[in-house]
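Here is the structure we will look at, set down as structure tokens.
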Amino acid sequence: MAYVDIVTALALLQFIVFGFRVGGARGKYGIKAPATTGNKVFERYFRVQQNTLELLVAFIPGLYLFGHYFNPLWAAAIGLIYLIGREIYAASYVKDPAKRSAGFGLSFLPAVILIAGGLIGAALRLAGH
Amino acid sequence: MAYVDIVTALALLQFIVFGFRVGGARGKYGIKAPATTGNKVFERYFRVQQNTLELLVAFIPGLYLFGHYFNPLWAAAIGLIYLIGREIYAASYVKDPAKRSAGFGLSFLPAVILIAGGLIGAALRLAGH
Amino acid sequence: MAYVDIVTALALLQFIVFGFRVGGARGKYGIKAPATTGNKVFERYFRVQQNTLELLVAFIPGLYLFGHYFNPLWAAAIGLIYLIGREIYAASYVKDPAKRSAGFGLSFLPAVILIAGGLIGAALRLAGH
């Protein structure tokens, strides 16, 4: 599972970087905590981080379920696509929220595949396969 | 732990469905990203998803702790109550936020029981039981 | 890993307490769900909980990665610093958001150390060390 663990750590660090960018946008656009609105570009950075939080919470357990019931290397490979998809999502959302779909799909689909795969794997295991 | 893994995957998929409903409400009520306010019903869908995110983050580790120190089948059974409770919470919150308490309790209590059980189990293990 | 499990359960319960405080502030300052703005002090309680959610999602996997590749006792000790740091963060943020840095650092750095340690540990394992 070391490959899966590395992808997990990278996904966490990516999320932390997204958080730093929110902090940077706070300074740049003069949005003082606890406010999370008031500037359009700041709100994009904030939503990138929040949406990544939502997906990360589903992605990480999915990664381990898929790795456990199928194959850790495949799980890690699908996880790499998630990492790249999230970078594309972040960059395109900040430029223009209307163009966030491609990056969203490229990170959302890997998460769903991992979770669905884990669910199927666990069900097959119970069924005695 | 296959039963616990299945409940985890179902809880993640349920959360993803809540996210789709937020996306649907964005379209229906004309709330364009990055905005998360501006329409009362949209805000309910959004808060259902956000509150589920908050609880899910506590629920999943609790599920595994309880399953590890006590019994995976019991953990999965308590987890099923959480899943049903969240559906009730989501449906009642969207109709009327003031009536969200029953569904909240039915999903919050299972999460707390799992975490508290895991804590007690780990402490007993350390104490040599 | 029982020490790590105990720290995990405590971090989850701490987060749940932060959630209760948000609920209490809802009542005290008359902020009805689904609203999350409208009173400065309420918004501080809310941001404390949200920021803790963001960090918790990174902290818990980091805790297990570090515990797995290095030492569970060290992971738990670093996790204790996180717990104390979050209490300081919560207390200082509610008093004055501008003074949240010390508590933030004292909980953020432990999380980063755990994740970075886990990443290094997994990479060394793959490299055959």
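To keep things simple, chains are lettered A, B and C as they appear, and every chain counts its residues starting from 1.
The rule is simple: a contact is a pair of C-beta atoms (placed from the backbone, for glycine too) under 8 Å apart; a residue touches a chain by one contact, two chains touch by 3 or more.
Bear in mind the structure is a predicted one, so any value in this text is a computation, not a measurement.
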* Structure fact -> Any chain touching chain A and chain C at once appears in the list B
* Asked: Upon optimal superposition of chain A on chain B over Cα atoms, what rotation angle is obtained, reported to the nearest 5 degrees?
  -> 120
* So what's the Cα centroid distance for chain B and chain C, whole Å? -> 19
* Asked: Which chain B residues reach two or more other chains?
  -> 37, 53, 57
* Asked: Of all residues in chain B, which touch chain C in the complex?
  -> 37, 40, 43-44, 46-47, 53-54, 57-58, 61-62, 65, 68-69, 93, 97, 100, 112, 115-116, 118-119, 122-123, 125-126
* To do: Using the touch definition up top, name the residues of chain B that touch chain A in the complex.
  => 2-3, 5-6, 8-10, 12-13, 15-16, 19, 32-37, 49, 53, 56-57, 60
